[in-house]
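The structures come next, written out as structure tokens.
Shared between the two complexes below is chain A, which pairs with chain B and chain C, respectively.
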Partner chain A sequence: MIFHPEDLLVYEYDGSVDRSMPRAVVLPANEDEVSRTLALAYREGVPVAGRGSGTGLSGGALAAPGGIQISFTRMNRILQVDTENRTATIEPGVINLDLDTHVRKFGMRYAPDPSSQKACSLGGNIAENAGGPHCLAYGTTTNHVLGMRVALEDGAMVNLGSGAREIPGYDLRGVFVGSEGTFGIATRITVRLLPLPETVKTFLGVFPDIDSACSAVSAVIGHGIVPAALEMIDALSIRAVQNVTDAGYPEDAGAVLLIELEGLWEEVDEVSREVESALWETGASDVRVAEEDSERERLWLGRKTAFGAFGTIAPNYYLVDGVVPRTRLTQVLRKVSEVSEKYGIIIANVFHAGDGNLHPCMLFDEREPGVKERAMAGAAELMEYCVEMGGSLSGEHGIGLEKKQFMPLVYTERDMDTMKLVRDAFAPANRLNPGKIFPDGESYEPALQRTPTQVDPGMYV
Partner chain B sequence: MAQPETPARSTTPHPDALQPVGEPLNSEAGFSGVDVPSEADLYRCVHCGLCLSSCPTYTTLKVETESPRGRIALMRAVHEGRAGISDRIVSHWEMCLQCRACEAVCPSGVPYGRIMEYTRAQTLARDKRGAALKRVDRFFLRGALPHPRRLRLGFQLLRIYQRTGLRRIVRASRLLRLLPGTLRHMEAQLPALREPFFNAGPRVYPAQPRQASGEAAPGTTRTVALLSGCVMPLMQGDTMRAAVRVLTRNGCNVDVPSGQVCCGALNLHAGDLETARRLARRNIDAFLATGAGNEGYRIITASAGCGSNMKEYGELLKNDPQYAEPARRFARMTMDITEFLASLPLEPPGGRVGRRVTYQDPCHLAHAQRITGQPREVLKAIPGLELVEMEASSMCCGGAGFYSMVQPDLSAQILTTKLGNIQATGAEQVVTANPGCMMQIEEGLRSSDGPARARRVSHVVDILDEAYRAEKAPPG
Partner chain C sequence: MTSSPAFARNLSSRVGPNAVLAAEGASVDRVAARAVVRPADRQQLSEVIRWATADGVRLYPRGGGVLSSLGNLPAQVDVILDLSGLNRIMDYQPADLTVTTEAGITLAALRRELVQGDKYVPLEAPRPDRATVGGILATGFSGPLRFSYGLPRDWTIGISVAGSDGSEARAGGRVVKNVTGYDLNKLYTGSLGTLGVIVEASFKLAPIQGTWAALAAPFPSISGAVAAAGALISQVYAPQGLQVVSRNIAARLGLDVPGDSGAVALAFISGRPRAASRRLEESARQLEAGGSPGGETLDESAATDLLARLTDLPWREEDLPFLALKVTLPPSNVGSLVAAMELPAGAGLIADPGFGTVHLLWWPPAEVGEPETDATLDLIDSARRNARNLGGAVAVEVCPPRIKAGADVWEGSVGEAELEIMRRIKRNFDPAGIFNPGRFVGRL
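After this line comes the complex of A and B, so read on.
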């Protein structure tokens, strides 16, 4: 257990902009310790937040005021891999990429691949219903979790779902995945594995501007093609990525598309010709194909390091995780540049174009007075616009603390009350991650703010 | 539910003791002076967490306080005046291996090595370093490394200790139990010296005729300088000689300039920037005095840790009006020996080394210098040699300069993981490119089974040299 105030300084953050200092951090070694910790906290009236690797972008792992964290870093065993039924049973602290790497030895893979996959844990993936580039073809975490053992707020253990594909009764597994740690804490997880595809082909489409890249997205999807992944990276993000690693993105491009096809050799071969012609027809200035693993890894490395790479442009970022219908992409991206100008905030775009999951990223330095507020106001305007366009607030990062004030844009009071009824069925005392997701409830305004210090203007930008 | 062993020397007993905005905990809060981690560097970290899985201490202990992200958060807390430079915070900083694996994977490009060095400079300036580090610094880093004659004398005594059987007697007599933990560990880690010592300059080893053309073509000969360094010529004299032979064989006149000293890397890592700078200036004088004007002149080192430091002399001396420019020039000329060999049309080795080896990436080569392909290229040029990759070959072995003396327990745990990965490859021998890694892994392999070779860790140039020397032997 960690309780020294100086040590707790490193548990007050996750990957998001919010902060909240826990009173203590418990590092259980097994399910029984999780259950006993929860039972004790329940008796004492102490709120609890589960923490995986702390890479989340919506504040999901932050402790409530006066609350504690349960950190799952030491519960990281892969308990069983069933090659015949293609399932794996694991502890919640297992790192996403570690699971995938492990099962690849048996010719299988775990499909959801968030950008933070080499650090993020499966427990956290379940809480946030994490996505990733390959979710276009394979679905998000909820499509890959078969069953869980879950510790409830009072420490009681229940089973949700099972190892089987179909389950009788209510699909509580489905309700649980994406509940952002407010229903319970998964302590043992069974996931579905997929066989490795016979062949994989990755395209890099280079475009002079965002608009032509957007029309390429529509053209590809319009051909009836479902790529395994379809990602867009704008000029600013290309620059950020190339600052830290040579991913092979041309630095003078207005935008690039990363398209991955996989499946049987014949099928991929045929579809790839269609993709190539769709890219050329919509104005691509160059189309590159990576067939070697190393080339493909290099292209993906750029995509997966993009968010961190924004640190080379500004020290803080606020990620808007809006989802819009694909056909509205061009419009929404125009709105993004309007907002950028209006609020004087740099915005980078790197996102899952295939499923309309935007990730406009507001880049700023919070030591500059007023800038954080401007970024938030700009983000609010963008989110409102996404909803107006028939979209949603969050594709894959969760609502948490970060976006809870925007929930009324999408839901009525009654809608949210109904959701809370479901939560009350799992956690009637609301001790797990209280104050998140919904705009009411306690405030997390951190007691300790960063001391603003003087920086030379333009130092980061 | 144990925390890593950090003595509970609390200065702030309760969360409420942490002060809000703008009210420093005490007058000692905040960094001060010239050698401070820069705010721009500290705030480059967006705490995304992508460094976590590459950090040997985090993956071993699984707590955020022993992660790169956590250590930066603590630096920021100090910088912001939210916490003082307490013993506890220092203990987390000193748990860092300074392997810089986090730096290599950081998507924001946080210069972690640099900010940790400046942070250690701060702990030194405030006399806040842990007892073990202070001891190692006083007796070894300051007391021995910068003084070639003292070092040599020490190693001569060591030679006597090992040769005469005195070691057996001491070990049997339980005398060692009287020593403090650090020294006891150091005794255990004492390497078998690969004698004789390598005698540095003043001399130039002439280039050999190139095999391909039959003679040294005038245009292909160049002069390079070789860093002799501090302990490497005394401990791994044979590797130094192999380095010279491999270079001369590849058309280089090898100059080992006199007046050169230890590169100062370990002093820098301990936060002793003053000593590091003094040594750097002496090396700059020694190396730039000789052949710096010649075209193709390079400063070569067979030690990854030294090369990494020498390539960063520019940063170290950036505020030195007299040396800033020469330091940058020196840094540009520095090359690791594997980097240099791979940049040449390498003389193809004619001899066979029929052996299955695995390569350990030295941290300061793979992470600090980002050199991973070149040593493998050199190895792959050797006929008969089979290179098997181990899992996590670029994860630190726990040696990390003086780390194994300051943090023996954690160092040993990290080494255990490494040995498991080595054994899983079924390799007959481990090859690497840094003296510290050679010593650390050799210590780990000392008790392993198999032929003597399996317990001996080689440098890439040792193997290449072996292949060149095997040419003279009859085929088969």
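After this line comes the complex of A and C, so read on.
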């Protein structure tokens, strides 16, 4: 257990812009300790937040005022891999990529692959219903979770689902995934694994501008092709990536598309030709194909390090996670550049284009007075626009603290009240992650506002 | 209690006479209904629900009635809510691969519309010309292609449900990826209409590609067939659906079964031509290596026809089985379950070793007569014991009411702690207990 203020500092934030200092952080070693911690906190009326790796981008892991965190870094064992049923049973602190790497030894893989997969935990993935590039073809976390053991707010344990795909009764396991830590704490998780594909082919489509790249996305999907992954990376992001690593992206491109095809070689072969012609027809200046693992990994490396690379442009970022029908991408990206101009904020775009999930990344230096507020105002305008376009606030990062005030853009009071009926069944006292997701409820204004150190904008340590 | 005519008059005065249909002969599991209401639109549906909540009137929503025998015996049926009037397609965007439709549309009508834009929705249903989207969602129905399609929950991206106050609550939306708020799509899908009336749903679609074909490979024994099919389904060239049927089921499907075979493996294959023919060849090879003397290939029309017959088989009104059980369990245990089941004369199995489903269907031979209640309950019990030992659960899908009276459809299939959460959900959503009361797991 951790309770010294200096030690608690690192638990004060996650990947988002919000802050909240926990009273203490408990690091249980097993399910029983999780259950006992919850039971004690329940008796004492202390709110609890689960914490995986703290890579969440919506403030999900932050402790409520006066609350504690339960961190799963010690519960990181892969308990079982069942090759016959193609399942794995793990503890919640297991890192996404560690699971995938482990099961690949058995010719299988864990499909959901958030770009943060080197760091994020399966418990966090379940809470947020994490997605990733390959979720275009294989679905998000919810399509891969078979069963969970869950500790409820009072410490009682319950099994949701089993090793079977179909389970009787209300689909509690389905509604638990994506409940952002408000229903219970997952202490043991069984996931589905997929066999490795026979053939994988990765394409880099190089485009002079965003508009032509967007029309390529529509053309590919319009051809009746659903690739395994279809990602877009804009000019600014290309430059940021190439600053830190050589992913082989042409630095003068307006945008690149990363497209991956998987399947039987006959399928991949046939679809490849259609993808290539769709790219050329929509104005690609170059199309590169990678079949060797090492080449493919290099192309993906750029995509997966982009967010880290933004640090070379500005020290802070705020990521919008809006999702729109994919035919609206061109319009929405035009809006993104309007917003960038209007608020004077640099915005980079690296995102899951195939399923319409944008990630406009507002880059700024929070020591510049007023800039954070401008970034947030721009983000709000973008979210509103996504909803206007028939879309939604978040495709994969969750609502948490930072988007909760925008929920009324999408849902009526009645819709939200209905959602709360489910929370009230799992956690009647609302002790887990209170005040998140819905606009009412606890406020997370930090008790203590620390003044940022005086460093000139542009400099950073 | 008001007699039916007075009850119907009272109802007519509230929702208008056009929406109230004759209740003659209408029933749920042979419990006669006092009235049948067919709302013409959502406004009318909302009024019926408000009245039902105020007066404690029990509503039994119905789509095409194809799967309406599923569920525990109702104690009393006040109103059957016929939802076939809510059948508009609200929004179809082929280029976005999404559709939004009212729930009373039949699967066949929806498919016809989607084909116009070269798309399909990966849902299956018996008698698709009658089965509605709402019924498929409420029952969480899956068919022989569930190995590649998954369950209806996997394709539902948005839903609108009329709750106990008559107003609609929405969750999800029209985008294929969405974590805005709780995923109530999952909760409503498979909830058997016990939380409200599903009015509208949005689905993710898939592009139509290539052709269909099937392979029917006979095997000496059903255990051998399940083992061979299990080995095939884990390969990269696995078919889209793979079912093993016992000899008597194969005969009911109209397949030619060689005299000495005990079962037939049915592989359903689709895709672009080159890939599909490779799947077909490899499947045939693998099944032969597993002990089949060699199968027969069915072309597209024969394959889709067989698929429809197989999906319909347990649900044909004119030939309903005496008993139909569905066992769901981890896929690798399908073989053990099949081996453990002792089947009475006239009973057969449909096993899905890729997904983990086994259907037991029983048509007792005419000379044996109607089976005794006790013997039937014993059979159900033994299926339950076997399923439980293998990490699975049983649902009694088709069963004469006299036997259902003594058998809970899902008995013992949900743990107490889980059931308690389900009870609270039911109470929170439906405090007056008007939506399909008594029919679901734990008599919710």
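To be clear about the criterion, the second predicted complex is superposed on the first by the 448 of 461 C-alpha atoms of A that agree within 3 Å, B and C clash if a C-alpha of one lies under 4 Å from a C-alpha of the other, contacts with A are read in each partner's own complex, and residues count from 1 in each chain.
Please note the rule applied: a residue touches a chain if its C-beta (ideal position, glycine included) is under 8 Å from a C-beta of that chain, and two chains touch if they have at least 3 such contacts.
Keep in mind it's a predicted model, so treat the numbers as computed, not measured.
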Between chain B (first) and chain C (second), which does A:Val26 come into contact with in this model arrangement: first, second, both, or neither?
first
With the two structures laid over each other on chain A, which partner does A:Thr418 touch: chain B (first), chain C (second), both, or neither?
second
Regarding the shared-chain residue A:Asp113, is it in contact with chain B (first), chain C (second), both, or neither?
neither
State whether A:Leu172 touches chain B only (first), chain C only (second), both chains, or neither.
second
Applying the document's definition of touch, where does A:Val158 land relative to chain B and chain C: first, second, both, or neither?
second
Quick one: classify A:Ile399 as touching chain B (first), chain C (second), both or neither.
second
Chain A contact check, chain B vs chain C, more residues touched by chain C
Chain C touches which residues of chain A in the complex?
82, 84-87, 128-129, 131, 135, 139-140, 142-143, 156-160, 162-172, 174-175, 177-179, 195-198, 218, 221-222, 224-226, 263-264, 266-267, 269-271, 323-327, 352, 355-357, 390-399, 407, 410-412, 414-419, 421-426, 428, 437
Chain A-touching residues of chain B, taken from the complex the two chains share
1, 3, 8, 10, 12, 14-15, 17-18, 20-22, 39-40, 43-53, 62-65, 67, 69-70, 73-74, 76-77, 80-83, 86, 88-89, 92, 106-110
Of all residues in chain C, which touch chain A in the complex?
93, 95-98, 118, 140, 142, 146, 150-151, 153-154, 161, 163, 167-171, 173-187, 189-191, 206-209, 234-237, 271-272, 274-275, 278-279, 328-332, 355-357, 391-393, 395, 410, 413-415, 417-419, 421-422, 424-425, 428-429, 440-442
Contacts from chain A onto chain B in the complex sit at residues 1-2, 4-11, 13-15, 21, 23, 26-29, 33, 53-55, 71, 73-74, 76, 95, 97-98, 116, 118-120, 243-245, 305-312, 315-317, 365, 367, 447-451, 453, 455, 459-460
